[in-house]
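For reference, the structure I am asking about is given below.
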């Protein structure tokens, strides 16, 4: 943990300081297990009473109130918490250059120092930016390009020629760059179509455990900047996923679909191939999307309908099944 | 295989011995491919005719009947079979202490002998109990604690600080301890919330291939003792899953949901976050659970309803679609 | 890339040559970025105008038309493209025998030269046919048998005793041979039933990233020749899947179900256990199959119905929810 003044934390989160900014803080705390060198969080006014009596050195809150702690007043405690927590618990990136002796690194790989390559990891003839850590057992293929401060967790796989921006995180056993599911049918038989494209993940993308992003058949599968994929998510070949998209666990998008920015897919949503999904669409859990969605909004159902239509259907169903 | 007397097997399964308990048995057999040093199984009375003529040395059965074989009479042949089969085909745990030369074990790791660490596995600064085997390519993070007789299969990943009880099994490529899917939204952008908690799996938990159990954001994600997760199951951060729960493939539970004991989730069930599910709930395949379930019982549908309601809905649907 | 004459390519794809067969071709091209030593593709007559002016040395097309390029006329451009693309971009199989020094190969393993074993891969006491490549971090268990020209991608796992035919491909982090989800219930508790069977994959099977095929409890889980499984697919123990079956991402089949040849499962289809599915059944995305399907045809819905019934249900639903 890195000691820091309350004033510096206020600056980090863009908050307004109330009280002593010089106090030294070494970490986070719960309001009930506070200490003078810790910072706590008041997410809701109903906790102000507890917070008034805290011995925490500082508090994040949305309002000013009576307390012995220094206050950092912010619009959104969750966002401020994320930034403060990341300060005290930074990601396990490469701080010094270290290639574990059991790891394999191709002699022509270009590693911009510092890079960490963990035990039994395998790094092909690729380029890796500074700060990036490749954890135990992970594999990076030939021709891949990883930006700075990426975190490739244990047993994750980055396929050949794939491109990751800066600060991309792959959770354990995630795969970026598997072959697209492409076959040409001749009679009863399916011939494999070589998957010659690759994947481009923008800056700050995160891919969850056991998720898979397939490479393009010829072109590129694109995951836009800051998009977050939960565990067990599937993105098929040649999809173009926008920026700031969030997909919860089990969401799956079939081939060549393009999706705008800021879409939210809840768990187990399925999206067919070759569709166009507008920006700012939100799909409830388990929605099945079989057609283009040209307008932003809330969608749900199997097959997908608008939220309004779905609620009407549910009302009818409830009537039908009630005793 | 370990030779054993029929009397010992009867004791192992808590069955009643009929006939010669001194016969030596070396393994299992099918009734049609029997041998005098093998034990067979009569799961249903209709097979007693075949079993009467068997040359198997012993038979497990629910009833006494005429046969040259020694009989072990039990209430449940399946349970007795599981125990006998496990006797002759024990799990590939560590019998003698062996760290493969290609494996990495942190010099400060505490391995209670015997532990097996397979080829190209990576074991951080953690504690591992006796009998536990870490198979090829598997990874165990710093601060993890594994009990005795655990089986971490090939390429599975145990994240830092996670705790596994005794006899926990992770199937190949399973992940315990990936980061929870936690972000704080600021405008269009999602800030990663550091996931500072961990996972606790009770004794005798099993996690299937390519399944993922996320660590808590601050606290713990808990999997109760004897709970079994099939392949491609997702348990999000801060869930509390009870004991003796069974989840079939593709079942997914979103964050902070708590679930009682003995629940059964069939394949592809989805459970929303922040819900409370009572003990002894059974969810049919593909059920979508969007609300608390305070009562035990059978549930199905999208969204979830009681079995009774669902069957009524299905009857209406069938009428609607019939020719 | 391997230089080849247009005449040879025509022979490779079984096409009719029109024009100069002696031109040398070194690779594929897009019609707009063509070159005299490249071959392009005219998938639809509407592109003939562009193709007429191309400088590509050769073109694949379904019809003869005016162009300076040599033409290879075929029935199906997609199939011909797959074959030509595979010629110029062959799979990364073993061309020369090479075991990476960081890999583990059991001293009693039988590797028919040439075999490639990549960095930090682990190969047990198994048999591997010529041409097969085991990529970085992959694991092959004891007793496994792999045919010729198989491709086991990074961090994939082949369990002990599993059998792969020739030209089988496992995408990164795929698992073949995890334990089946088999337990015997005694009161509230589930006893693990040892999973003593294995998996047999026929020739030309492909298994996608993070997919899992469980071994049989006693017998075999079978994946028929040329069957293709996309990412995140689950095949439970003792299933018998036919030949030329295609399963899209997230399809899951529960235990002991048998399925005929040429079935097509779209994304996230769920099939219950112990069912019999006829050959030539096609299931739309997210279909839930709870009963036997004795007749070929198109099926959809939760639970599954015929396409005809489903469309009627949807018509009724649309009427019910329309404004």
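For reference, chains read A, B and C in written order, and residue numbers begin at 1 within each chain.
We take it that a contact is a pair of C-beta atoms (placed from the backbone, for glycine too) under 8 Å apart; a residue touches a chain by one contact, two chains touch by 3 or more.
Bear in mind the structure is a predicted one, so any value in this text is a computation, not a measurement.
Here the chain-to-chain distance from chain A to chain C, counted in touching steps, is 1.
Rotation angle for the C-alpha superposition of chain A on chain B: 120 degrees, rounded in steps of 5.
Counting the residue numbers that touch the partner chain, chain B and chain C have less than half of them in common.
For this pair, chain B with chain C, the centres built from the Cα atoms lie 29 Å apart. In chain A, 102, 120, 137, 155, 173, 210, 232, 250, 268, 286, 302 are the positions where the chain touches two or more neighbouring chains simultaneously.
On chain A, the positions that touch chain C within their shared complex are 102-104, 120-122, 124, 137-139, 141, 155-157, 159, 173, 175, 177-179, 181, 183-186, 188-194, 196, 210-212, 214, 232, 234, 236, 250, 252, 254, 268, 270, 272, 286, 288, 290, 302-303, 305, 309-310, 312-313, 316. Those residues of chain A that touch chain B in the shared complex are 28, 76, 78-79, 81-83, 85-86, 89, 91, 100, 102, 118-120, 135-137, 153-155, 169, 171-173, 206, 208-210, 226, 228, 230-232, 243-244, 246, 248-250, 261-262, 267-268, 285-286, 302, 314, 317, 320-322.
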